[in-house]
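Below are two complexes that have chain A in common, paired first with chain B and then with chain C.
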Partner chain A sequence: MEGVFTQTLVSGILIGFIYALIAVGLTMIFGMMDIVNFAHGEYLMVAMYFAYWFFVLFGMDPLFSLPLVTVLLFLLGVITYYIFIRPIISAPMLSQIFVTFGILILLRGVAQYLWNADYRMIPQTLTSGNVSIFGVYTGVSQLIAAAGAVICNGLIFWFLKSTKLGMALEAVSEDKEAARLMGINSDRMFALAWGIGIATVGVAGGLLSSFYYVFPEVGSNFCLMAFVVVALGGFGSVPGAFIAGIIVGLVEVLSGYLIAPSLKFMFVLFLYLGVVFIRPQGFMGRK
Partner chain B sequence: MLSVEKIKLGYNNIPVIHDVSFRVEKGEIVSLIGGNGNGKSTILKGLSGIMHPSSGSIVFNGQDITTAEAHKVVALGMSHVPEGRRLFPSLSVYKNLLLGAYLTDDKNVIHDRLEYVYSIFPILKDRGQQKASTLSGGEQQMVAIGRGLMSKPRFLMLDEPSWGIAPKLVEKIFEVIEEIRKDGVTILLVEQDVQEALDISDRAYVIQTGRVALEGTGKELLSSELIQKSFLGL
Partner chain C sequence: MKKGLFVFILFMCILAAVPLFLGDPFVCHILIMTMMYATMSIGWNVIGGYAGQVSFGNAAFFGVGAYTTAILLVNFSVNPWLGMLAGCVLSVGLAVVVGYPCFRLRGHYFAIATIAVGEIMVVIFTNWDYVGAAVGIYMPILEESFTNFEFHSSKIPYYYIILCMLVFAIAVSYIVEESRLGYYLRAIKDDPDGARSLGIDIQKYKMIAFSISAVLTSICGTFYGQYVLYIHPSSTMDLMMSIHLCIIALIGGIGKLFGPVIGAFVFIPLMELTRVYLGSEGQGIDMIIYSLLVIMIAIWRPQGLWALFSRGDK
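On to the complex of A and B.
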């Protein structure tokens, strides 16, 4: 009994790291330009399909195709910015919602058309199998995915805090107009934020593909969780998203284990509502 | 150095500035004065490229910058310290200053500029690691001016530097402005503190409802009836 409980805790923390990674891109894009990317989960889906097809067509293990998938998703993010987001950057919020929601429908439609609704899975990867660490069993893939998510989050944090480009991104998210007066090309920074924001979800997708089914709607649950994480951690806060990710992961698996698996999303949403009422700016949000 | 010809500016097609013309010569301190909502800040935004005139022209150092983007204008040596300071609140004072020198990667240049800013506002050196939002109004204004100087501008625009700071610091800020001019920077000042502004200005323009209502030297304006009645309460 106790063993199962620890097991559950660990799996909650591991999946929480992935939620945090997905949420970081979302929170970054929102923090920069106040645009909520409803299609965020669909980019995760695209990344998972990329990893899947790299395996099927070229026999590349998801771990090896990860850099490739990341770069492709970065480019996809930049392209998305220039084609869809730039024209609506100062449009009313409703138009912005329609556009990112439109991207969601577009990407899902394309996936359904090209690859139909089948659930697909990479049958055997380098990281298949289980390990036991201090008596707790966990999948190697899950462990590597969680480690990858932590490293990626750390890199993003380091980039924002310690590089000149990161400082410029933060400046734009704090005050666009003042940033322009410093000589920062805010348009380029927006493109960069989309590139990085979508690349991080690409990393998450690549990591997930080694142990998770891919299908056209796979993004929706993850995206929902990422939204809760962002709201919980504070809109625009990277460290907030990290902590909130772990909490959401824990609440999800614990309520699934202690109460009922079918109700786990409900408890995550309860948690969300609780935070919204008690501390609307999230753990580490501004204002 | 700067010549503004009949510019029109507005927000969402609502005109605010109507055919305003003025000039600033190299080495001068020129003030734009006028009451709330008359369009002074809007003029500065038009100059620094945050907004673009719908007609008229702006020539800076012989170069037409009427439609130039803000990030290009800074590179030409014009620096705009905006109204309300507009610091990056959750970044440190040091990072705020560094961002002022965003366009240069030369470590030596950045170091020299930092030393220059610290020589004017020594307190900023001690405040380096503090979040900008935790400073007092006066210190925040120092960061804003310091940040504006980090790009080594030839032309500095200051929008209400005396706003929201302790009275004894106001004097200090005006002294600093004169000091900066002595170091070879031309200054365009927007102020509500008309007495102080005219005292240090070579020339000034009175802006009323988006038009130039009056212009003259600082001394002339101080003794003009319009100024005495509307701004100095005499």
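On to the complex of A and C.
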């Protein structure tokens, strides 16, 4: 009994790292330009399909195709910004919501058209199998995915805090006008934020694809989880998203274990409602 | 407005006359679905358009309407018309319970909270054995009559019922738009802090708008249950349905009386026809087409198609 509980805790934390990684892109984009990317989960879906096809067509393990998937998603994010987001950057919130929702439906439609609604999975990867660490069993893929998510999160944090480019990004998100006076091209920074934001989802998708099904609607659950994480951590806060990711992962698996697996999703959503009612800015959010 | 009224009456007369000339059940079905979505989208427009509170959870009211009627009919043999009333009462109850905390949230937080509420409802109904869980509920087949709200030999009675509901929804929306409530809601949308400082009880008027929205959506839920005679969680409270309601309003014109009607008459036939004619190899094409339409309208013509018809007034 004790063992199962620890097991559950560990799997919650592992999945939590991935939620955090998905949420980081969302929170970055929101923090910079006040736009919620409702299509965030759909980019995850696209990344997972890329990893899947790299495997099926070229026999590349998701671990090796990860850099490629990340670069492709970065480009996709930049393209999305220039085509769809730039025209609505100062439009009313309603237009912004509909554009990102439009992208959501567009990507889902494209996936359904090209690859139909089948559930697909990469059958055998380098990281298949289980390991036991201190008596706790876990899938190697899950472990590597979680480690990758932690590294990627760390890189993003380091990038934002310690590089010139990252600081320029932060400056734009804090005060567009002042940043412009300092000679920062905010347009290019927005494009960069979309590139990085979507690329992090790409990393998450690539990592997930080694142990999770791919299908056109796979993004919706992860996207809702990412919303919860972002709201919990505070819109715009990268470290907040990291902590919140772990909390959401734990709530998900614990409610699944202690109450009922089919209801676990509901408890996460209740968590979201509870947090935004009591502390709308999240744990670490700016106002 | 005189001209508007004339066009409205003409349009309704044409709609009322259609079944006299067109016996094709498929066309009839598309028109029924179109009018049903128009009615619900008008409901969404009251809260999302006039009051500017973007709700992605309106399908929950549809589900409550459908399920309340179905359970009362199956387990207690309550007449569906009474079930419809009960559904409205429960939907308003849900609107109040959800709205009371959620309306303190602004912008994105509110939108995401309504998604959360909608999804929670789906999880509850999919796991609740009393309401049929994931399998759903089959309505009992009753003798065909208006009182029983069931017709098996023809779709035309359903057509007229939903037409009446649409007229009712337009009337309600018109009354809201012209009344003091409408002015308050627009004030809340444009400048919530200003509205509050003028002494408008923002919470209260948002709640009223949300309740109206709930009733208009709930009656459609009842109608759908009686029309299809089978309901399950993903056909009655899916997130996609809530999204369609907003998209319809967006296409026609958000915050405009006839916006949702125009939107529904463009969107629903487009969806149904692409689905039927492109068939299985066109899977996803319908989504691609309308998502591009939505994106283009949101970027270039956020006032919707309605603006094409009314260049005169803003």
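One rule holds in what follows: the second predicted complex is superposed on the first by the 287 of 287 C-alpha atoms of A that agree within 3 Å, B and C clash if a C-alpha of one lies under 4 Å from a C-alpha of the other, contacts with A are read in each partner's own complex, and residues count from 1 in each chain.
As a convention for this text, contacts are C-beta pairs under 8 Å (C-beta built on N, C-alpha and C of every residue); 3 or more make two chains touch, one makes a residue touch a chain.
All of these numbers come straight from a predicted model, not from anything done at the bench.
Asks: Among the partners chain B and chain C, which is in contact with a greater number of residues of chain A?
Replies: Partner with more touched residues of chain A: C.
Asks: Does chain B (first) or chain C (second) touch A:Phe265, or do both, or does neither?
Replies: second
Asks: What is the contact status of A:Gly102 with respect to chain B (first) and chain C (second): first, second, both, or neither?
Replies: second
Asks: Would you sort A:Phe277 into first (chain B), second (chain C), both or neither based on which partner it touches?
Replies: It touches chain C, and chain B stays clear.
Asks: For A:Asn130, is the partner it touches chain B (first), chain C (second), both, or none of the two (neither)?
Replies: neither
Asks: Contact-wise, after the overlay, does A:Met93 reach chain B, chain C, both or neither (first, second, both, neither)?
Replies: second
Asks: One more residue to check, A:Gln112. First (chain B), second (chain C), both or neither?
Replies: Only chain C; A:Gln112 stays clear of chain B.
Asks: If we overlay the two complexes on their shared chain A, which of chain B and chain C does A:Phe227 touch? Say first, second, both or neither.
Replies: In the superposition, A:Phe227 touches chain C alone.
Asks: Is A:Val36 in contact with chain B, with chain C, with both, or with neither (first, second, both, neither)?
Replies: After superposing on A, A:Val36 lies in contact with chain C but is clear of chain B.
Asks: Please write out, lowest number first, the residues of chain A touched by both chain B and chain C across the two complexes.
Replies: Correct list for chain A: none, the interfaces share no residue.
Asks: For the complex, give me every residue of chain C touching chain A.
Replies: 52, 54, 101, 104-105, 107-109, 111-113, 115-117, 119-120, 123-124, 126-127, 239, 243, 246-247, 250, 254, 282-288, 290-292, 294-295, 297-300, 302
Asks: Show me the residue ranges of chain A that touch chain C in the complex, using the header's touch definition.
Replies: Contacts found on chain A: 30, 36, 84, 87-88, 91-95, 97-99, 101-106, 108-114, 116-117, 216, 220, 224, 227-228, 231, 235, 260, 262-263, 265-266, 269-270, 272-273, 276-277, 280.
Asks: Can you list the residues on chain B that touch chain A in the complex?
Replies: By the definition above, chain B touches chain A via 48-50, 69-71, 74-75, 79-80, 82, 86-91, 95, 98-100, 102-103, 105, 147, 151.
Asks: Which part of chain A faces chain B closely enough to touch in the complex?
Replies: 164, 167-168, 170-171, 174-175, 177-186, 286
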